[in-house]
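One chain, chain A, appears in both complexes that follow, with chain B as partner in the first and chain C in the second.
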Partner chain A sequence: MSSRIAYIAFNTFREAVRDRVLYNLVAFAVLMSGAAILVGQISIGIERLVVVNLGLAAVSLFGMVIAIFIGIALVSKEIDKRTLYTVLSRPVQRWEFIVGKFLGLAGTLVVNTVFMAVGVFAALLYVSPHFQVADTWILVALYFIVLQFLIITSLALLFSSFSSPLLSAVFAFSLFVIGSFSEDLRGFAALAQGATRWLATAAAYLVPDFSSLNVISSVAHGQPVASQLILSNTLYAVVYAGMILCGAVVIFEHRNLK
Partner chain B sequence: MAAIEILGLEKTYTVGFWRKRAKCALRPLHFNVEEGEIFGFLGPNGAGKTTTLKLLMGLVFPTGGTARILGREINDPAMKAQIGFLPEQPYFYDYLTAPELLEYYAQLSGVAPKERGRKVGEVLGRVGLPDVGGVQLRKFSKGMLQRVGIAQAILHDPKVLFLDEPMSGLDPIGRREVRDLMEQLKQEGKTVFFSTHILSDAESLCDRVAIIHLGELRGVGVVADLTSSVEGKVEVVWQGNLVPAAVKTMTTEYHLTGDTVRAVVLEGNQDAAIDALRRDRLRIISIIPVRTSLEEYFVRKLKPSEAAAGARS
Partner chain C sequence: MKSPRRITLVASVLLGLCLLASVLLLRQLDQVRNRAAPQEVLYLSSPKVLKRLSLGYQGLLADVYWTRAVQYFGSKHYAGARSYELLAPLLEITTALDPNLTVAYEFGANFLAPQPPNGAGMPQAAVELAEYGVRNNPNDWHLYYDLGFIYYVELKDYTRASDAFARGSRVPDAHPFLKVMAAQMAQHSGEVGMARMLWTTTYQSTADRSIRANAAAHLRALQVDEDVGTLEKLVSLYREQKGHPPSVLGDLQTAGMLSAVPVDPLGHSYKLMSDGHIEVRDPDNLPFIEKGLPPGYVALPPKFLPSD
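Entry: the complex of A and B
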């Protein structure tokens, strides 16, 4: 990997930290503490289920918001503020800039998720006296959430490379919502006829499959995750994010920076 | 060898909702900048100076033509390690301090890790910002940002510098310091290509200038040559507040300042004017041929298109 990519990634991470993005952890900590105390008082026997469900959903939501709202500005802000001029006039290639930006935001999200995971496990420890073997599947659910972040970050970056932040946010958020219902979309495609079937099938394969990456509910019920699913989801996320990133690079390579 | 070769570089943007309307930002541009010279790229606002610089930096892509810097294509990363660029009204990552920003740029420019700290301190001192260590750039004034901009352009010891309006936002002392810095860079053997619309800066600094207007090159030349054409007039200065009647008939213009009179007369009338002044026992201070200033040359080069534009409207 080019060292320039690492420098750009580190600077993107540093920007997120200095812009107080990680302050969302405070809100998350308050939410988890409140949830743990409240659940402990009002739930009988399902404390673990509620805390895991709530905790992982919050990790996903907080991360998605960060991925979309920072991701959509990653390139467009640099163009608007002209900070890109002094970077691209150096021996930095455009693809290195895009990949560096992606890795920087992905790194921010991973660090954020690690802190949030600690919060989830702390809340879990509060409501149940000790960890169970099934709790290790929470780590898999968190890993899948990170894979979702990689996909949504690459999409936000793609839109950011040619569109305004507002439109990019609309596109990225829409794809997040549609992708979350991709399983239903596939079900609809199977039932539909003619052109509708083709269109629905094409859409189901084009939009990111966030349904398969969401195992929060089954993990909350203590169910294991098949190793085959872990492997296929990893491959899917890496290939999907990689292809989207290639698209962002192709667009950005040909873009005039006015 | 030419440090910069511009070979028919041109740029046309498509504008409008459907991007069907063509707007020519730069007509085919041809000129060279020699190694070790300070070259001024002059033109009024909107002339195409920044577009040319963006084309040379690979920030926008040309519609036609090409350019070479240090004999290499403009998108060659090896060439980019040897150039420095100051954009117009630069804006930097404002969450960083000046040393952090320069460290980052040093990393991207391929400066060796051992040398980075020394180079950062050195250039900050050179641009007059030696004590800005822990202050984030968001707290910097416009003039300080301009100095940081110059620092990042010279940080990696480039051979060719591209400066877009380098004196913009600086106070008179700052402008003087930048002028001195540019002269030092020239003495170090560097090539400096800078755009400006402030003609006095160009006249005092440049070996050669190019004038661009409405995206079209209007002239290139050595400053001394452009400004040395004698207009066939002389300026006669004498002491006193009297303008002899004979001189009044010959002069095209005269100005009285305190006890000094300046009058411009045609070269053919020079002797007659001197005789008239002597007859009235007026002390002659100087007789100087009137030469074209860069400003006059500039205005003359800009006028034809304006006349044409007026005719079109």
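Entry: the complex of A and C
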């Protein structure tokens, strides 16, 4: 079972590489070098901050775009090319296909993030004479970004399992935006009354919480991240992505592929 | 010539022509826009709205707004502007998006507080900005120092300046001079020595080249003001003693009133005028001086300060 999932995951990764997904690293490298060199000339005293803020925001946004646009096509492309029938005619379960696709795209995003992280630290070394102890918290912010990717990949896969690529992209991107406001949504729920309160609370807990997974601003100032937050965020991302993946499996299991 | 090659050639020539035309049109548009002189406006002025629109990337947006503030102040300062309407809102948005961006408080207050043409002439806004910075970063002694500095230099409110320095001196790892300044402020407020101490502390405690250059320029100006004051007093004394004014400054040295004839911080000798006044030779390169200026001297549009 595990070898079949691993095989599908590896092929998904290989396909992403063949689709030149990692070419975004070139754009990222240009962005980081430009920021590192130019910001010092047009602003005052924020060279290091810009490298961290811009670098991590770019890692996050580039990854989100890849997760959404590759994720939404993971299933539909296989159906369009009719390769899905070849795969499923072998002793491969449908749920194994979904999990393998998820792990393959997650792996692509992790590899992409590792390369980008090297770029961020290289730019940091360019603007600062040496690394500081507080720079280690950037690794935590990168880890949280990867956790965001797990959630958004699972969402893209869920929508891909029953909807068209265009609608899947719209749904996934909307949930990313709503998830960034999840704190405000919970605040609104706390202020509302009656049925609105229940509905708002339900919506607030149903949409993914991306706000607590975003610690870019605080690590840019070298502020530490509590170990409790790291643990809670890890558990939350695994549980939430697992929940969405289960939903995708359920839908895909019952989908009529004829 | 084969057809595909001809098409490639024609398309390439057209591409080049279109590029040239678009550049020319853009230059034309720039001129039209400049003539229209649009009113300065911030389309999104609510920090709360901007924070939400940032989708969690408010740190990056704060950096963008800080750069906008620097560019806004720099371009207007360079043009010799006397009004900086958008500076305070830009700084408010920047610090609301990232309350820990201490550089925005430190420089922002220094942009806002001084009178034009050296700043926006908004010392009260500078105080509010610095106070907001202190509330959000209570363990950064630089912000208390900046606050005291504005009270002392711009508002001449020595009690509040002393209080700000005293509060800053209680912060762990604060510069030891803060305690000294807090203590001496009440006793020696308004003296040149006090101002020199402040600018020296600024010069020593910053790693930023532009702040150091600014502090160095102020220290040079204090030196000139002190030299000119002393020399004019000695010229007056010489006239009383000898019955006629000195013809050159060297006469003061000959009369035993000076051990050596001083030169200004740029290395030029001071000019003794026929009416007994002292003037500097290069006022354009001695910004902030209040004494030694030729009569009717109009300062050139501000330029970037020379390196220290």
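By our rule, the second predicted complex is superposed on the first by the 255 of 258 C-alpha atoms of A that agree within 3 Å, B and C clash if a C-alpha of one lies under 4 Å from a C-alpha of the other, contacts with A are read in each partner's own complex, and residues count from 1 in each chain.
Everything that follows uses one rule, which is that a contact is a pair of C-beta atoms (placed from the backbone, for glycine too) under 8 Å apart; a residue touches a chain by one contact, two chains touch by 3 or more.
Everything quoted here is computed from the prediction, not taken from an experiment.
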In the overlay, answer first, second, both or neither for which of chain B and chain C A:49 touches. second
Kindly classify A:214 by the partners it touches after superposition: chain B alone (first), chain C alone (second), both, or neither? second
After superposition on the shared chain, which partner residues are touched by A:184: those of chain B (first), chain C (second), both, or neither? second
Which partner chains sit in contact with A:19 here, chain B, chain C, both or neither? Use first/second/both/neither. first
With the two structures laid over each other on chain A, which partner does A:41 touch: chain B (first), chain C (second), both, or neither? neither
If I apply the document's touch criterion, which positions on chain A are contacted by chain B in one structure and by chain C in the other? none
Please name which positions on chain B make contact with chain A in the complex. 13, 54, 57-61, 77-78, 80-81, 83, 85, 87, 90-93, 95-96, 104-105, 107-110, 149, 152, 162
Mind listing the chain A positions that touch chain C in their complex? 39, 42-46, 49-50, 52-54, 57, 60, 177, 180-181, 184, 210-211, 214, 216-218, 220-221, 223
Within the complex, chain A is touched by chain C residues 52, 55-60, 62-63, 66-67, 70-71, 98, 100-101, 103, 106-107, 208, 210
The answer for chain A against chain B in the complex is residues 3-4, 7-8, 11, 14-15, 18-19, 81-93, 254, 256-258
